[in-house]
Amino acid sequence: MQHKARKFSTRAKAVTTTAALAAVAAGVTGAVSASADTTDTTTAAAPAAVTAVKDKAVTTTDHLTVQAATDAAQAALKAAQKEGQRVSVAVVDRNGNTLVTLRGDGAGPQAYESAVKKAYTAVAWNTPTSRLTERLKSAPTLKDIPGTLFLAGGAPVTHDDTPIAGVGVAGAPSGDLDEKFAQAGVAAIGNRR
Amino acid sequence: MQHKARKFSTRAKAVTTTAALAAVAAGVTGAVSASADTTDTTTAAAPAAVTAVKDKAVTTTDHLTVQAATDAAQAALKAAQKEGQRVSVAVVDRNGNTLVTLRGDGAGPQAYESAVKKAYTAVAWNTPTSRLTERLKSAPTLKDIPGTLFLAGGAPVTHDDTPIAGVGVAGAPSGDLDEKFAQAGVAAIGNRR
Amino acid sequence: MQHKARKFSTRAKAVTTTAALAAVAAGVTGAVSASADTTDTTTAAAPAAVTAVKDKAVTTTDHLTVQAATDAAQAALKAAQKEGQRVSVAVVDRNGNTLVTLRGDGAGPQAYESAVKKAYTAVAWNTPTSRLTERLKSAPTLKDIPGTLFLAGGAPVTHDDTPIAGVGVAGAPSGDLDEKFAQAGVAAIGNRR
Amino acid sequence: MQHKARKFSTRAKAVTTTAALAAVAAGVTGAVSASADTTDTTTAAAPAAVTAVKDKAVTTTDHLTVQAATDAAQAALKAAQKEGQRVSVAVVDRNGNTLVTLRGDGAGPQAYESAVKKAYTAVAWNTPTSRLTERLKSAPTLKDIPGTLFLAGGAPVTHDDTPIAGVGVAGAPSGDLDEKFAQAGVAAIGNRR
Amino acid sequence: MQHKARKFSTRAKAVTTTAALAAVAAGVTGAVSASADTTDTTTAAAPAAVTAVKDKAVTTTDHLTVQAATDAAQAALKAAQKEGQRVSVAVVDRNGNTLVTLRGDGAGPQAYESAVKKAYTAVAWNTPTSRLTERLKSAPTLKDIPGTLFLAGGAPVTHDDTPIAGVGVAGAPSGDLDEKFAQAGVAAIGNRR
Amino acid sequence: MQHKARKFSTRAKAVTTTAALAAVAAGVTGAVSASADTTDTTTAAAPAAVTAVKDKAVTTTDHLTVQAATDAAQAALKAAQKEGQRVSVAVVDRNGNTLVTLRGDGAGPQAYESAVKKAYTAVAWNTPTSRLTERLKSAPTLKDIPGTLFLAGGAPVTHDDTPIAGVGVAGAPSGDLDEKFAQAGVAAIGNRR
Amino acid sequence: MQHKARKFSTRAKAVTTTAALAAVAAGVTGAVSASADTTDTTTAAAPAAVTAVKDKAVTTTDHLTVQAATDAAQAALKAAQKEGQRVSVAVVDRNGNTLVTLRGDGAGPQAYESAVKKAYTAVAWNTPTSRLTERLKSAPTLKDIPGTLFLAGGAPVTHDDTPIAGVGVAGAPSGDLDEKFAQAGVAAIGNRR
Amino acid sequence: MQHKARKFSTRAKAVTTTAALAAVAAGVTGAVSASADTTDTTTAAAPAAVTAVKDKAVTTTDHLTVQAATDAAQAALKAAQKEGQRVSVAVVDRNGNTLVTLRGDGAGPQAYESAVKKAYTAVAWNTPTSRLTERLKSAPTLKDIPGTLFLAGGAPVTHDDTPIAGVGVAGAPSGDLDEKFAQAGVAAIGNRR
């Protein structure tokens, strides 16, 4: 992740979710869901509830957009289909959250979760998982870290020399094939160096 | 799912994964992955290992292709973005397996898993989740079934009058909005009746 | 899984669950359960809720019927009992879902879940698990994939040269015995080639 | 469970698994599995390892045989199929262990685990789950006990006035239907009173 | 487990829990708990709910009484305390259920769950866990079976030449010490042969 | 918990585990277990590895001894047996760790984990769980806190006016009975006020 | 989260982890750990492994620094201690990841995880959890979303009108007290508006 | 842990939580939270509910204060930052409970849980985790104990020659670096010997 100094705007962004909250207050059954971003500034009675933090308390990080992540996943899937391979694909961000998953037609049941774990492992160490398996020779317990899978098929995505995501592929008969497809996914959204 | 009589072809599909198996036999480090479909007919020594079942033992089911599922998920996400809402989207098939997930930019952290559970619930009962919440009045413990979320935002997908998938959306300030986006996802791959 | 072009019938299958829904609407306490397939077309007010997808969005897969899966499991159990062995048996489909489990009389407590995992592993790689243990020599981290157990005792079931299920047996004093019983289960539903 | 005084035989049951252990000792790769009952009395060097407990330290309990449990599950499934309902079925013993599961063709994905939990709940309270939902009026937190599902569809099995198993069914459009099928399962193995 | 023919008494055991059920019916808040054995024969309206199974559908198994299991656990703990070792102890039955646990004063946090898993492993294979670690040489994936721990410190308990429980100890500086204490626990309830 | 000023002794407690460590160093297969308290001061080369913290960084808490916890659990079990009730019992300390569990003969399968959760809940709020269920009227989501069960049957144990443990009982036909037995357990180790 | 256009620097950030990688290559036992950010550009042979994504594929989000999160947590804890209350505290970011946890001296065992869930809930809905409990009146199943706890004691943190974190407190005798302490934590890092 | 004889004060500590309980009784919505230490002596009607245990039933243990644990964690983090390393830090007590966690800015997603497990492992064996990896040579299954991670980066904290906590660090490119930072954390609260 990147940690740069940044200017913050001082404008007061309009609160767009008031209507939604009103709907809730009206007691409409089933109207409220897993809502987000509902900055509630409607009542003066609870000012402490909305406290903006000082600028120096904040840092920024880079993320793949969901569109870019979808592009990468689809490119990986297409690369596999082109070679007649049935795989599943996942893209995981640097925080370890899964951004996109695609369960490929006819892929084995184990491929879905394998793809997620390969993507996670690639972004965690910023290294293709095929190389990470070599590291196990000197530190075999690395593979006991929760969430990881030290098996070829994961490729990292970087921006400004920092890891921001991983693409994982599983289901082809060899990990090298999986990783080739994962790299095709990365290439679809990247600038080669 | 549909259960129809079906003719099975008698052709012997070419086994395409022999090369991959050979690679494994060669002991290439890291070369084997979460492989699928590696019908192994290379050795006569273990004929029992590959036994094809009789036709009457088999039934067929319909599934969304991964492409159709991705189209539905992206259409739902776009419908939300058009209204300035930040959501996550999921498509789950009739077996309960997640086909596609998209974590939308800026969606709340709870939206991702909520979307999966809404999609699951919609396909399980073949009913939009907004209506299922009404059923809780007479059977409140329905919501204790593992994997479900009885909250508006899930919409079923049918084919030949049979449920084959569910689309789930979460993160908008109301469940009704979430479900509107989910329906947009279903519509993108469907024929209106 | 098989992915073939398929003609879809255009007939409108009668909705058989209307009565059940009515029962729910009547508020009968405890009357609603984990219901399935309740295609709700009773109300014109929510047409978007039931959208049938276009044919090209759909693919079909083959499954063992529950009857065939039960036959396989019972045959495996009987084969074990004939040799005085106490085992548990499981049948898992290509989506990774468990179809049938049988906890054999007097089998060790670890046998039940072991059987499920062996069946899962056999169908995932379409290979008897006794052979898969050999693959660990070149790719030892394969066994870290969730849901798998690389121990003899699992046998794949194929149809039209495609894996559709796995039979797993555990509890005998050797994995070779377990796998022999699993193969007996596969044979009971299969056509030898 | 029953707790009766019992005479124990003094005969020394022949140890039948010695061969298996020998196979292990021979180092046959992959030959050892999830073995059970391998009473090892071959070596005098470790007498402490095999200590038989005194008779007064032991009590006996009754269990359904796996055959009876399978009969019950299949009868329940058939009762549902006869009415055109797609359900999954489970049989759980008094220790809470699942004895048999059957994932019915076309049953919803939520039905499988629901059936297990209904069976568990029925045997735990020795009461049909349709009645247990009524108990929630006076003790609503009963349903928070792990492993339970207070939804109609589970029926207890008794022997000598003691609960020994539960049959659970899920997937029909109403819990009353589910429970009717579960009772059909119980009836198939029972003596009506 | 033992599977013997058995005569079943025909007496009708008095239903002792009627009063409790009445209390529930009276709607006493908080009065109902995780109740067991409440054979409900009070209402003639639901005869199907209580169906006794036929005798041939039933088998019996032997279990340690909770008193014997507690005696074993306490004897193991005392053996450790006598040597100044701080350990935790567990007793697990042949169904894999934990009967008794004792978290020893000052034992490490990892000892509690380790003791349970050692006891489970010992009863599953009916072999002291110190010997089972040797089996891993020929079948290293045995240790991937859920619930097991292949580490010295577990000892099986047998009755009539059948495994009925396991005692596990963990926390001493060596597994051999742990197993010595576990054997002391077994000896406390056993007849040496 | 109590937080009192305390004098710390300055004596150097003899390291008693050196022999065990030596055994490890000798490479005895299987000799190392889940060891505890192995204060390693044998090598001068790694002084940083053993750093004793300053006195002001430390506070003390009171715990039931394992003997007292066992006494309480057994007293609770006996109280239940005296009334012909089949229950399971647990004792949990103020840190939330389970100290002792007893699975009573013939108790329902749900009773074991219920007892643990009741004990946890009682010590967490230092209140009998029968009363805590009343609190749910004003704060119904209290029961969503992980690890808790708001059902009668748990009783707190205090020392110096501070909660130090909880005793939980489950399996009797009513929660009031369960709690009566739990209180009998507490009484067995306590001084009535 | 904020989604703003951003200029990316073109400088090549020096790779600082080369030495560490070399250490790994040297095969130092135990030298490799859960490493991060090891941008591997040392070998020209695998250019595909490091692909930087195009700028338009990237978005940025704001996060609390770990220092700010720690300040907030400590301020909340101190506020509680000042009133003689024993609580645990957590800070969770907008991705749902826990940034900081503090288990307060003498706080109940349930407080730690409760604090994490309250913080998660507050940042997910950008609303104090005391107000979210009111929303349950119209949408009671909101509380079934995994990871949430709808109990007073969580307060959101915003930056540029966007939720970036939540502070959760648990353990005081009332949720209102918990939330007062949480707000004190937010205030410590914020600019009041 | 230490087990010393101790005098108990006989003073009656004032019950400070009566007000809070009164608030609950008043039915204030949302007023009750995950409360602790609410010794309820207000009602004479339930004397059994508060039973103080006899002194001989109690032992005491030493714990790091939350302030000391925070100091250690922050010192470890600062040591890493000084060398430009991005890590996460955790402190775990001798009961296995996590006291403090700090997710460092820019640390890999795997570092957070790795730090917790390293700290747990260090305090469980009272040994730096770098040395524990060596023990795996003679007892390789030690690493299968739940909660552990045998990877350099964990350091124990002792008091009066007894382990009371562990500090874990993860995220640096080598485990030796991680452990150096962990030791810096320990040193910050300790007296060197």
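In order of appearance the chains are A, B, C, D, E, F, G and H, and numbering begins at 1 in each one.
The working rule: contacts are C-beta pairs under 8 Å (C-beta built on N, C-alpha and C of every residue); 3 or more make two chains touch, one makes a residue touch a chain.
Being a predicted model, the structure only gives us computed values, none of them experimental.
Listed here as common contacts of chain A and chain G: B, H. Contacts with chain C and chain E are shared by D.
Two chain pairs, B-C and G-H, are compared here, and B-C has more C-beta pairs in contact (counted per touch definition above).
Chain geometry summary: the mean Cα position of chain A and that of chain F are 41 Å apart. If each chain is reduced to the centroid of its CA atoms, chain B and chain G end up 31 Å from each other.
Work out the mean CA point of chain F and of chain H, and you get 16 Å between them.
Multi-chain contact residues of chain H (touching two or more other chains) are listed as 24, 28-38, 59, 61, 63, 65, 95-97, 105-106, 108-110, 114, 124-125, 133, 139, 142, 145, 151, 163, 175. Screening every pair of chains for touch gives A-B, A-C, A-G, A-H, B-C, B-D, B-G, C-D, C-E, D-E, D-F, E-F, E-H, F-G, F-H, G-H. Listing the residues of chain H that touch chain A in their complex gives 105-106, 108-110, 113-114, 117, 133, 136, 143, 149-151, 175. Chain C contributes residues 1, 3, 59, 61, 94-96, 120, 123-125, 139, 141-142, 144-148 to its touches with chain A in the complex.
Residues of chain E that touch chain F in their complex: 16-17, 20-21, 23-24, 28-38, 63, 65-66, 69-70, 74, 77, 84, 86-87, 97-112, 114, 130, 133-134, 151-153, 170-178. The touching residues of chain H, counted against chain F in their complex, run 8-9, 12-13, 15, 24, 27-40, 46-65, 67-68, 71, 95-97, 124-128, 131, 135, 137-139, 142, 145, 155-165, 183, 186-187, 189-193.
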